[in-house]
Structures are given as C-alpha cells and as structure tokens.
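Structures follow.
Two complexes come next, and they have one chain in common, chain A, joined by chain B in the first and chain C in the second.
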Partner chain A sequence: MASITPTLRPLACSKSILRRIRQQNTAVRSMMTTTYHRTGFVPPPPIPGAPHVLRKLKAIAPLPSAANKIKDPVKAFQDDQISVLDPTGARTHLFSRKNPESAKQGDILLVRLKNGDPFAGVCINIRRQGIDTGILLRNQLTRVGVEMWYKIYSPNVEGIEVVQRAGKRARRERLTYMRKPKHDRGSVQNIVLQYQRTRGPASGSTAVKVQEGLKGGRRKSKKGRK
Partner chain B sequence: MLNCIDNSGAAIVECVKVLKMERHAKIGDRIIVVVQKQRSFGPESGPGASAQTSAANKVRRGDMRHAVVVRTAKKLQRRDGSVVKFDDNACVLINKTGEPIGTRLNSVVGIELRKQKWSKILSLAPMHL
Partner chain C sequence: MAPKLPISCRAHLNPSFILPDAFLPLTAKRGVKYGWTTAPARSKPNRFNQQSAGLPELSMSPAAALKRKDFTLPLRTGALAVKKGMTALYDPETGKRTPCTVLQLDRVQVIANKTRKNHGYFAVQIGAGWKHPSVLTRPLLGQFSHAGVAPKRFVAEFRVKNAEGLLEVGQVIGPEWFIEGQFVDARANCLGKGFAGGMKRWNFKGQPASHGNSRNHRTMGSSGASQGSGSRVLPGKKMPGNMGGQRVTTQNVKVLRIDTEKGIVVLNGCIAGPDGCIVKLQDAIKKPWPVMPPPVEAVKEAAVTV
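For the complex of A and B:
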C-alpha cells in the first residue's frame, strides 16, 4: 500500500484507478525475485477487485493473397492491354526505342483516324506511358498553329506513317522550342502532299479526298444537321 | 482578349462575361465581348474612305456583342483521348439569336462546335479540326 487513494475524486474515476494500478505494479516489481523469460508468457499479477478473465483468442488463417501470383500487376495490365490493342506489335515497334527505324521527335508524322480528318505534323514530344503513350504533333492550319496529342494505341487511330524523317537528330527530347516563330516549321501540308503523291495512286486518293473534304465539308455538315 | 475571325469588322475583342457557366469558356461556349480593335481594310481605310469602311464594318469599337469561342489556347481533351491546342484564342461574333454577324470566316475552328450545335459557324469555316 504505497499511498492512500485521494478522496477528492469520485470512486469510479479512471484516473485514480490507473494510478493505483501503476503504484501496485511498481510495488510488485520492486519485490520481484525472479526474472521473466522472453519465451514464456507470464500473466501480470492480478489486480484486487478486477474480475479474473482469461480469453482465448481464435487464430484466423491469413487470407489468400494475389500478390504472389502476379509479381508486377501494373506491367502485367499494360502488357495485356497492348496485346489487345496492338496484336501485331507494329505500333509498338514504330515507337520502340530499340528500333533504329523508329519514329522520333523531329519527324513529320501523319495520323489517320477512323472518325475524323487525318492530321499531320512535326512530332515534338513522345510521352511514353505504356498503354497511354502519346505523341504531340504540331502543324499550322490556315496560318494558325495547332498541336494535337494522339494516343498511339487508341482504337480511333487507324495508322501512323512517317512522312519525313528529321534530317539531323534533334539535340533534345522535347522540341517545344518549335512553338517560337524562329523555329516554327510552319505548315507541313506540302510535304505531306508530296509524300502521298510519291506513295502512289492508292494513297494519292486520300490526299484528293482531304482536299475535297475541305470544300465538301460545308455541304456535308449542313446536310448532316437535318 | 480574343481574335475575331469573321468579316464583321472586329479584329480583337475582349471577353467580359461567360454565359451560363461559372468556369472558363471552352470551344463552343457563348460569351459576351466588347470590340477593342477594328479591322482595317487596307487601302480602303485611308483618310478619304472612312464612310466606306464603316459601311463594311458591322461592328464598331466599343460595341458589345455575343460571341462563340472557336479556338482556345488551353488544351481541350476529346473522347478518344486526343488533345487539341491552338496557338491563340478566337471567336466569331453572333447576334442574340445565335446567327453569325459576319458572312465569312477566316481560319480554322474546332469541331467541338458540332456538339454544341453551332452548325452554321462550322459550315462557314474553311477548315475545322
């Protein structure tokens, strides 16, 4: 009995109970003659007044985990998606770093879409994010600079062609300096038309279609509205 | 401050209000603008031809009109994941009912106009992307 319980607090006050327990534990510890071994569990001395309850905890087996089945889930998902959206692997090969004939920054690329007009432009950025890999193409339409990001694995993208390779390897990865008028390539339409003419009448018709599409687009959209 | 790309006579307009929304206007949104700069028509805008130019101009400096945004320098994402960004901001002046004041458009517009039902403007445009 180290100290008398103060009577200023109510009897059921947890603070005073805890204080009492602490004092008893220190008293018991100072009277100890044996040392506890780490391996054996020895229950703490019983607190006078506290009910004696010994609960047996039920051991639950660990839940089945998928972590061991798939070591790198993100990569597995990306590969799975790429195998669906690019089964031949041609698109991946076109932008692969290991491919010496790949499409790089500085090249002029032509993107053909399922829904929409084909867009050509200088590739100024390639953002590699697995399935979300995108290319930034810059062109000038009616003297207004336009930049478009295209996801290369998008099902809307029918095909990507390299119209013209960069003469010299660009000295940096991101060619955003091309937005400045000093370095701006301007319109790549002439280069694209030349390319399509040299390709032959098969793709030459696409060029004609594009030209006519610009004029006929007005009529088409008006009809479509009704 | 946006470029006005139709032949209504305005060259640069200032947006003073975006209608029906509390966010920045995107392509296809309606805004209220004030004409800041008139479009000069070359040799016609000499000292002796002011009457002619004012007849050709449908709007004058300081006029308040409605307009539709057709190009934004802010990136705009499309449903297929592609993102479009123009080099400038541009608009087309319209009257209260939604009909364009000008009769011709100068440059490229965004095809978001189709979704917002601005078919007349889209059909006037020489090119759309």
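For the complex of A and C:
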C-alpha cells in the first residue's frame, strides 16, 4: 500500500480524476494474484523456493499419411494409367531397356494409327518420360525430310512394328546427325514395302505386334502417297 | 506505477457517478506502464449510429466489409497440398492428351477456427505435414496441443463466408474434399528469378546486337526525361530488381482426378510454383459453388428403409 499522502484537492474537472482512476485500476489489475484460465486448467500453487518447471505440453503422435507411403505419386499415377492403356505390357516391353529385342534408335519403325495414315521412319530419338514416352521417326516423303513424334502409350497409336533393325549399334542416343545429307537414310518406303510383302500371313520373329485392334494395317500403307 | 489518488479523494466520487464513455478522453490502453486488463474493450461509438434511429448503414464498418465479401468468399474451406510434378492424362476413348499437375495432401487437419466475434472474420486455420517438436517454439507447440493435433509444418488460413463454413478442430481433410470436375483456385509462391534484368522483368526491348552497339545490348537505356520531367528519375520507374517468389493465383483450374489411396488431387494444366512447393487449393470464386454429393451412409440407409 502507498504511504498516506496529504489530502489533495482534485484539480480541474472530474475528467482528469476519472482518467487517473482508470489508470490506477488497470495498474491494480496487473497486480492481481488470481488469474482466470480460458481452458479451465488451474495450475497448482507455486511452492516457495522451488524452481519453476514448465508444465508438460501434450505430445500428440502424427497421423499415418499417404504422402509417407507413396513418396512418388506422379510415378504411381502414371503406372496406373499405363496399366489401363497398355494392359498386356507389350508397348512397355518393346521399348524396355532390359529387353534385348527392344526397338532402339537407328531401327526403322512403322507406327499404325487409329485416325490417320501410318507413318514409318528411322527412330532417331526415344524420349523416356513414363506415360509420355515418345519416339521421333524420320522419313523422306518425296525428297522432303519429315520428322514425327509419337507417344507410345497414346490410344491413337494402334501399334508399332520394327521394320528393320539397325545393322550396327548407334554410338549415341540421339541420332540428329541423320539430318545432314551425308548421313540421311532418305525414304524408307521401299524397306517398309519389302517388309510387308515378306511378312505375309505368318507373324515374323522381328515384328512385335501389339494386340489391340489390328485391322487392315497392311492394306492402308499400299495407298499411293503424294 | 500510476500515481495513486489518496483514499479521501476517491471517496468524494460516488461510484454511481459515471460519465458516458464518449465524454471521456482517449487514453493509451496498451502501454506497458498502464498495465493490461482482461476487462472488455471500451464500447465502440457504433452504438450511437443505429439504423433503428433512421441513420443509413455505414459503408466503412466491419459489418459492411463482410457484407461486401458475401459474393466472393467461398462457402467452405480449402486444403493445403504439395505440388509433386506434372504429367499427362490420356482419354482411352478419344485419345486426347491433357497435361495435368499432381498435388499430394499430407495429414491436412483443421487447427483452429477464426470467428467474427473474436477475430472479426470467419476463417479456418489448416495445417499440413509434420514438424519435429524439437524445432518448434513452445508457443507454437502449445497451439498445436490445444488443438489436439501433431505439430504441422505448414499452416494457412482459408477465409469462409460464414459460420457454416467452419469445421471441427482436428478434422482431417483428404482429397475427397474436392469433387472430380469442379474448379479450384490454386495459390502458391511462383518460381523465384532472383535479380532479373529489365528485359526479363519488364519486357524491355533491349538494344541492337550489332551496328556499333558497345556493351549495351540488354541494358535499360534511358531512365526518363531530363529537366522537363523533374530532373530526377520518377518514383516507380521500371528497373532491374528482384523478380518472382511472390504469391500467384491460378484461377478456375479443373480437378481431373481424385485418388484417396495416394492422397492426390490431379489438376488440369499448370499452376505456379516449383515441385515441392505448398499450394492453397480452394473452391473457385468465379465458378458456381460445388455441390457435395450426399454421404454414402445416408444413401445406404435410405435404400434399407425403402
């Protein structure tokens, strides 16, 4: 308690008195010994002389998470799609690195489409991106070099066949040097026609057919191209 | 400590003598020397501007601000997700290829609710991921333990329109919160470009590559007029500087797939941010609010009764 001071006459108006009283009240409240707890938790009264120990906070274990189980959801999502688009696994097998009979860069491939003319060409690039794996085929149609990318898992692609294997293993992954006149294979039409003639009704050992919908693929390519 | 009036002086004032608050002068309430108080804040002058007295509604008030946002605030909360990468979706029938972004939800839970009464607006505080308690401060740990959840790595608020959008604290939000085919707004910090030059940052045209140009191919050139323009560079002049790393909202992104097993939401196209960044997903404000399908249990019960 403050020492007793001599009685002071209130100054000016009651405004200043009330202001001072309000200030005193807030100061008095700050000296309160009892506290009100929102959570209802009342801490035990402090023991004089004992060191202040922080109360233990409830440690809650984390929930099981799908993110921990599946660390690469993009790959898992792609694998789900591949199982639908390539149920037999034939397309994956055709371009698998583990497959010694796989289609490689340098081979001549024929792609048959659901909507459109089939396209054949030298495979100069295989871009492996999971479901977006694509092949770049180069051909010359009436002396004009044409390169086409095809996604191997696209539903529009009916089938991919290996028309001719490269004689010698290419010494690099991307064969873009084939764009130069010195290394350009030119048109592969003759090779493709010969392959289709020799194939006949029996399935050749070199041709890897895809089982989904083989209808008139041979006949389509016999149409004259302009 | 504030000087105390003697008891005799205080006794002069009858406790029943109370001036209206409006008459009292404004004093500092939160300064350290005045202490703090758990008493409610002094009443606002709003009580004098009542519509019942015939006065018009105030357009600059918390109530008016919330009313303005009635049309744009979503009805329900969103979720925090981690951007995992981009891939493509093929339609087996048409053969169409759609590029898409895969986002993964990781232990998304409600941590707290913000209410109009206590905070002036309605929002749901969401947490995602997990953080080791040893690297968190005690105040944060206390906040998580009060909510009854494990410490979260990411915390964000999702504003909602009204109290109906608030959820129970601790509720888990999974990918099934979103519906396939609905539209969402995706908010994330875009890729940072560091200190970018004028051409990259502001699409300046640069200068010729040759014809005598000397070491000034990508420079700003002039930074403004001379004496006529104030003999200075005007404030706000576009110049090289830090670019990127800011929040970017991609609106009306369609949800293509939901997979609760993997905890993923697949969105159409691309969204801001690098792989691994945290993304805020919420119902698109420029599209009709999604209508959640009725819960499966209710449907089964109805079938049984029928």
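As a working rule, the second predicted complex is superposed on the first by the 133 of 226 C-alpha atoms of A that agree within 3 Å, B and C clash if a C-alpha of one lies under 4 Å from a C-alpha of the other, contacts with A are read in each partner's own complex, and residues count from 1 in each chain.
Note that in this section contacts are C-beta pairs under 8 Å (C-beta built on N, C-alpha and C of every residue); 3 or more make two chains touch, one makes a residue touch a chain.
Keep in mind that what you see is a predicted model, and the values were worked out from it rather than measured.
**Student:** Once chain A of both complexes is superposed, is A:Leu193 in touch with chain B (first), chain C (second), both, or neither?
**Tutor:** neither
**Student:** Using the superposition on chain A described above, determine whether A:Val162 touches chain B (first), chain C (second), both, or neither.
**Tutor:** After superposing on A, A:Val162 lies clear of both chain B and chain C.
**Student:** After the superposition on A, what does A:Ser30 contact: first (chain B), second (chain C), both or neither?
**Tutor:** Once the two structures are laid over each other on A, A:Ser30 reaches chain C alone.
**Student:** On the A-aligned overlay, A:Ala170 touches which partner chain: chain B = first, chain C = second, or both, or neither?
**Tutor:** After superposition on chain A, A:Ala170 lies in contact with neither partner.
**Student:** Looking at A:Trp149, would you say it contacts chain B, chain C, both, or neither? Reply first, second, both or neither.
**Tutor:** It touches chain B, and chain C stays clear.
**Student:** Determine, under the contact definition given at the top, whether A:Leu141 touches first (chain B), second (chain C), both, or neither.
**Tutor:** Only chain B is touched by A:Leu141; chain C is not.
**Student:** After superposition on the shared chain, which partner residues are touched by A:Ala61: those of chain B (first), chain C (second), both, or neither?
**Tutor:** After superposition on chain A, A:Ala61 lies in contact with chain C alone.
**Student:** Can you tell me whether chain B or chain C touches more residues on chain A?
**Tutor:** On the superposition, C touches more of the residues of chain A.
**Student:** By the touch definition above, which chain A residues appear in both interfaces, chain B in one complex and chain C in the other?
**Tutor:** The overlap between the chain B and chain C interfaces on chain A comprises residues 115, 132, 151, 154-156.
**Student:** Going by the contact rule at the top, pick out the chain B residues touching chain A in the complex.
**Tutor:** 71, 75, 80-88, 90, 106-108, 111, 114, 119, 122-124, 126-129
**Student:** Looking at the complex, which residues from chain A come into contact with chain B?
**Tutor:** Of all residues in chain A, those touching chain B are 115-117, 119, 132, 134, 141-151, 154-156, 179, 214, 217-219, 221-222, 225.
**Student:** Using the touch definition from the top, list the residues of chain A that touch chain C in their complex.
**Tutor:** My answer: residues 2, 4-8, 10, 14-15, 17-27, 29-30, 36, 39, 54, 57-63, 65-68, 70, 72-74, 76-78, 81, 84-85, 114-115, 130-132, 151, 153-156.
**Student:** Residues of chain C touching chain A in their complex?
**Tutor:** Answer in residue numbers: 1-6, 8-10, 12-13, 17, 19, 23-25, 27, 29, 34-39, 82, 84-95, 97, 102, 104-107, 109, 130, 133, 138, 141-142, 144-146, 148-150, 172, 257, 259-264, 266.
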